[in-house]
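Below are structures written as structure tokens.
After this come two complexes, each holding chain A, first together with chain B and then together with chain C.
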Partner chain A sequence: MDEEPERAKRWEGGYERTWEVLKEDESGSLKATVEEILFQSKRKRVIESHGQVRLGMMRHLYVVIDCSRSMEDQDLKPNRLTSTLKLMEAFVEEYFDQNPISQVGIIMTKNKRAEKLTDLAGNPKKHITALQKAVDSVCVGEPSLYNSLSLAVQTLKHMPGHTSREILIILSSLTTCDPANIYELIKTLKSLKVRVSVIGLSAEVRVCTVLTRETGGSYHVILDESHFKELLMLHVKPPPSSSASECSLIRMGFPQHTIASLSDQDAKPSFSMSHLDGGGGSGPGLSLGGYFCPQCHAKYTELPVECKVCGLTLVSAPHLARSFHHLFPLDAFTEIPEEEHHGDRFCQACQGELKDKSVFMCPSCHSVFCVECDLFIHDSLHCCPCCIHNQSGP
Partner chain B sequence: VIELNTVHFETLLYDINSLCVCVSPSSCVVCVQGHGVLEMPSGTGKTISLLSLIVAYQRAFPLEVTKLIYCSRTVPEIEKVVEELRKLMEFYSKETGETNNFLALALSSRKNLCIHPEVSSLRFGKEVDGKCHSLTASYIRAQRHSNPNQPVCRFYEEFDAVGRQVPLPAGIYNLDDLKDFGRRKGWCPYYLARYAILHANIVVYSYHYLLDPKIADLVSKELAKKSVVVFDEAHNIDNVCIDSMSVNITRRTLDRCQNNVDTLQNTIQKIKETDAAKLREEYRRLVDGLKEASVARETDIYLSNPVLPDEILQEAVPGTIRTAEHFVGFLRRFLEYLKSRLRVQHVVQESTPQFLKDIFDKVCIDRKPLRFCAERLQSLLRTLEIADIADFSAVTLISNFATLVSTYSQGFTIIIEPFEDRTPTIANPVLHFSCMDPSIAIKPVFQRFQSVVITSGTLSPLDIYPRILDFRPVTMASFTMTLARTCLCPLIVGRGNDQVALSSKFETREDFAVIRNYGNLLLEMSAVVPDGIVAFFTSYVYMENIVASWYEQGILENIQRNKLIFIETQDAAETSMALEKYQEACENGRGAILLSVARGKVSEGIDFVHHFGRAVIMFGVPYVYTQSRILKARLEYLRDQFQIRENDFLTFDAMRHAAQCVGRAIRGKTDYGLMIFADKRYARADKRGKLPRWIQEHITDGSLNLTVDETVQLSKHFLRQMAQPFRQEDQLGLSLLTLEQLQSEEMLKKITQIAHQT
Partner chain C sequence: MASDDDTNLLVIVVDVNPIWWGQQAQREPQFTLSKCLDAVMVMGNSHMAMTRTNKLAVIASHCQDSHFLYPSKNWKGGDGSGDDASSSGDGKYELLSVANNLIAEEIREVMSKSKGNSTDTMLAGSLAKALCSADDCALQYMNFMNVIFAAQKQSVLIDACVLDSDSGLLQQACDITGGLYLKIPQKVALAQYLLWVFLPDSEQRSQLVLPPPVHVDYRAACFCHRNLIEIGYVCSVCLSIFCNFSPICTTCETAFKIQLPTMVKAKKKKLKPMS
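Entry: the complex of A and B
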């Protein structure tokens, strides 16, 4: 298993009695226990069934990245900043993949100040390029929790009540330099229903514990790089929305992608409205086709977006559908030991032979899957292929 | 051994350690009426398990154990015990459904209990005592009959008139409850409490009330014999005993004493003119001797007073000091003699018999009248109706000294130093009359009460306490913590990154490399430890040197980038200010370092829970200042009398203070903290073996003699591990038990096993 995620270096970790985990079977072979260990590591995925919880589908998330001196620490390779930014890129992609109608903004804090790297926006490309640029920035001084929180709140507090307001702080430093009493700010955050979560890169800091406890967020401290990634990915899933948040109907536009045919003489290439702020200016600005707002006919090359002219949220139907699966998560498959399973010897999905010690069965259609397929179905597909097949079949 | 089900706990979750206390042989301390020594880490329910055990016993056999006397060190600790007790009682009444008639109360000094508007506004304890005395003394109150303008305390009057007849209703009273009750009724809470302890079931107070003979005589002498006495946080009990029996006399004391004697003389003159009968009456009483006290002691009502040995009581006060003038003359002579002794140019050390011989030769003072000095003075002060006793502290001190010096021929030494060692040019003569045997002060306690339990978080090595306190314990036990996760991480740092050995020993004290490496250690730790770090040095002088040197090397500046720095000073007000700011800085995420001194205020009474102390760094081994003559004399005495070698005692003393400092960080099972011992000498078996068991068992071979770098790596790893979510459910079944788990056969076996191991 070479592709096993790189843990902390052996000599950095604690003293482990690895040999005590292994036990010989009757024939004196270690193979069984080794396989068991590998199997367990695959199955490590947390099975949490939310039940029927209301989830915030439209999320507004500010990610605060600490760029203080301590980010130069090399316990994450090559250093904390580079590693964080790289994981953030993956996070942004995954985030928009899972929450297409949500928005993200990035704030960096260093030298006792906080500044916006990107504004709240729904375009992953913009964020990713900004993140890539930020790799070269120097890490100096101390972070300021207060400044970054208040900067984020300034924007978040204007967000409508039916959307979630979230802040995710990636904090490497153990100190913060605040201009005023942070406990006052925490009260304000609480009253504004802003949910603040923190991922600590070094150790548990008291303020963060209080901050997250008060605002209902989560607080985690990383163990190593792979744990960091895991923790970050936890935030991809939308949090349960509080019952107090208002619900309202939202106007949305579903523009069709139209391409003026080249034969049409009247068609002229035009700029997309999103190029107006010049931020997303990559690729040719002029194009023939695009999405046209059904209300004001402004043109956009990418969805989802909020119309610059009339403020309508423009999405496409697949986007909504993709957000949908959070509401109805696929039930966990039941694990059955292989001996007890009688029937098909092949996985329904990959058609491979079932060799592992246990197989997984979909509770509704009773199809059997192997571990890998089970993971793939729950993590990526979000629906059981056999159930779908049965529905459409007859 | 008591049945488990008679022991109740305040929650439905049972702490495994507390259970061990209850089933272990130590519980027989109460049953077989012997004495015991218990070591148990703080935060594992030591107080509650002892309380519930003894209360359960008290309920089961009300005639065997009539009273629990719980002695703690500071007022906050006393309050904590009362709160635990309140929880326990609430649980009792909830479980049994009946209201119980337990009376438990806390007692503290007048300063903490006074509700008189003028008196309670005074700042110092002594002033409050003096003022209170001037309002409540019996002759003052008698004077009021003739002179209605004489001010008295209305709370005391009210209490005296009504309060004595009405017993305090059953319940749990802490200091504030007593004050409230006093205010409601208009009774003096202090006297109410002092009166109520006689019939209370549980009394919580400071251990001076039992150990200091002067106070014990006033407060505790009438406590019932069938009591259980618990000394909590008792790792320093020998020093408390010694301090309570030692006297230091400086030239200032003597000057003030001179004034006192003059005042006495004048007052006697005045009284002689107006009321000679009073003095005659006193004379008659003295001829009869101190019979009253002796009768009382024979009938076993009183706790005996070590200052006032039994033989004295049988005798009449000797004729030479029977009349007031003669006594004052006697005091003058004694005073002059002491003055002449203080005029020496070189250090003198002598035993008490030598001193007595010398005083007889020089000023013809016999041993016998000296022995009666303290009693005689008290009697005189009473007769002369002197209201403000606080003014007479100097002469009281001298008379106590006289009585002690003539009573004990062993266990005491007299050292006269013309100047302090550090300032040989400034004359500041001091006469130390120093007690070397702590067992003298505590003896009456062991003799009188049927069981005495000495307990603390850090008592290792256990066997030394019975030896120096001279008693035979029925049980000695050291409990460890049963933990669901290893929440403490003791590391011994022996080398700097440049492989220079780290040590605070005398030869390398000034070594630049050592100081720099200590600085580096603190600097690197300040970068990886969140919130609060507490660093302990061996002495104020050493701390000042090191901090000055760090400042020159620019280390301080670097540290300040990570955390703020606060320093403990010898000034109490300044220190409490620093502490307050330190806690604020920890609270709001700035992070802080507190530099303090082992044996100082911070190391003794103050807890650094959770984020207030994520790491404790102990720079060096906190040996006591070994050049002190008092210490040398004590060591010699220990060697001769108890066969304890000097080095053993010094190491024991240093290690208990180190453990005490380091133990500040862990105050419970949910807490976690690093314990860093920065001295290579800690790695040696003789030092390591003297740490409490609950620390020792976490020191692995891998954590000995680390370099600074390795320490930082290990700390980082530990802190990350500890920051992972930890819930109460994780502890269930391991270190916490539900009722069902508790009753399971298997668990019971396990508990008994752990209990008997210890």
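Entry: the complex of A and C
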């Protein structure tokens, strides 16, 4: 094993003087410091853009959730398992929002075994229903890192080369029970270009450090529930793709949505192909309209989906459009203290008065925005409202 | 029934493209921009009159710019202290008369200041500004889609009331966010359509019988010919869509690996001896 420079552990460092953060002003009030802290927390989620780095847009991610006895610990309310599953539901929603053409699968590990909760699929509903049902499962035994990794790799190794293969492990136990040498498995993972990241709920475990370092993933240990949520959301953004991933043209279909009404003569009710494996759930299986695969005319009720009959990936144009903002990220706005800004007293976006400590200016069109609009523009909107006007129309 | 502390914000974006309205005035003199704005003001007034907590914003979308007609930056507003322009003689609710006067004033300013020869309206920009205040083409297409997805995330409904020709982008916007798309058959009755179809908020719409949803064309257009295609090839790096296979992506200039079928060596089979 190659030696890496070990970071200094926290107990080896000196004392942290946390009381020095709070400073009083002349009258003895802490108001300025409190406002500063609130302001910084609003700005905390400013995204650092990677610049011109190729991102892995089509991702295959397996999430491994530890269901061992340590998950019954109550340091996260009501217990670690319930809190994890709840955060996972939010993660799945956000993941499909940012990566509409990617897929996710969930694996649970307990009792020295690993089993798949859901297969790799592009539909968020299936995963969310499975997660909701899993709240009742019993936490028993020890987790097995080796078994869960090899179960995930069995599917991931067949994925085409242009997609990114990732595994995210949520590990709360400090032990793992493996049937074989895990360092051999790590070598296999590295050769298959699988990136493994770990979120620890208890403490740092050396085998996870080695695992993530060798495969190029990240390893974090949570401090509390909000930190847990932040760490999970870090994995929603597409990671920079490794230089070894191939680029290829993927054949995709864009089916039309037919809405047939009862008065239509040719409308015939039919089953959707997703009902074949019993995944129909509630409601009648027969429906009049839907999406028809352009190659084999099999019917589906939702997109994106991979056609079971002919294997063509079916998406709609807005799904691809959702990923565009990753490819053309918006530059961060420059922060100017309020005293130095001599222009309008109004935010260009929401027309509200500028009363924060600093204003934000777009580097290309020089219009100013308030703190909330800056956050909204970078998180959700991904385009400057004033720059749009300066571009010539199509 | 809406709860008492819910504020409903209605943002009306009016397309005031001077070229189209000029041509329209010659085609149909009984329906001009001023009549359209009258209908918009009727709808705005009705919205504010329904509940005390309802709020209104009106944006005029122009060729190069979009301008907030109401609320205006220059209006310090609120209690109308000492402002005698706002009191009208007919006992109208003050907020409504202030709004009407402001809108009329601002639109006059906007129309007189218009310059430039571009004929397309910057709809994406006005929508973006509308979303920021609700806080609470190949490049305009991308910005437009970003705006629509942000609206869907914030649960903001986008409705479209189309006067002249169908717009695929607006149809997609209404479908994705859950709003209504309507192409008006008779323009002079604009106020009626606005009040009947678009005034009720999302909770009340489930109880009304409204025009049925239109068929939205979600097919993608290929980047090389702008044709609508049903099966295409997507570059895995930049997500641009092509109708035919080509070895190099024109947008990001990556060379693609061509998948060849694997060669299978012929195996010699040993013949089993016949017993």
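Criterion: the second predicted complex is superposed on the first by the 353 of 394 C-alpha atoms of A that agree within 3 Å, B and C clash if a C-alpha of one lies under 4 Å from a C-alpha of the other, contacts with A are read in each partner's own complex, and residues count from 1 in each chain.
In this text, a residue touches a chain if its C-beta (ideal position, glycine included) is under 8 Å from a C-beta of that chain, and two chains touch if they have at least 3 such contacts.
Here the structure is a predicted model, which means the values were calculated and not measured.
**Q** Could you check whether chain B and chain C clash or fit when both are placed on chain A?
**A** fit
**Q** Considering only touches as defined above, state whether A:271 meets chain B (first), chain C (second), both or neither.
**A** It touches nothing on chain B or chain C.
**Q** Spot which of chain B and chain C makes contact with more residues of chain A, would you?
**A** It is C that touches the greater number of chain A residues.
**Q** Thinking of the overlay built on chain A, is A:254 touched by chain B (first), by chain C (second), by both, or by neither?
**A** Touch partner of A:254: chain C, not chain B.
**Q** Once both structures are overlaid on their shared chain, how near does any Cα of chain B get to a Cα of chain C? Whole angstrom is fine.
**A** In this superposition, no C-alpha atom of chain B lies closer than 31 Å to one of chain C.
**Q** In their complex, what parts of chain B are in touch with chain A?
**A** 527-531, 561-563, 586-591, 610-611, 614, 702, 713, 716-717, 719-725
**Q** What residues on chain C touch chain A, complex-wise?
**A** The touching residues are 63-66, 68, 71, 73, 118-122, 124-125, 128-129, 131-133, 135, 137-143, 145-150, 153-154, 172, 176, 212-213, 215-221, 229-239, 241-242, 245-246, 249, 254-257, 259.
**Q** Which stretch or stretches of chain A touch chain C in the complex?
**A** Residue list for chain A touching chain C: 54, 57-58, 97, 161-163, 246-259, 261, 294-295, 312, 316-318, 320-325, 327-328, 344, 346, 349-352, 372-373, 376-377, 380-383, 385-386, 388-389, 391-394.
**Q** Using the touch definition from the top, list the residues of chain A that touch chain B in their complex.
**A** Per the stated touch rule, the residues are 12-15, 69-70, 75, 142, 145, 174-178, 181-183, 200, 202-209, 220-223.
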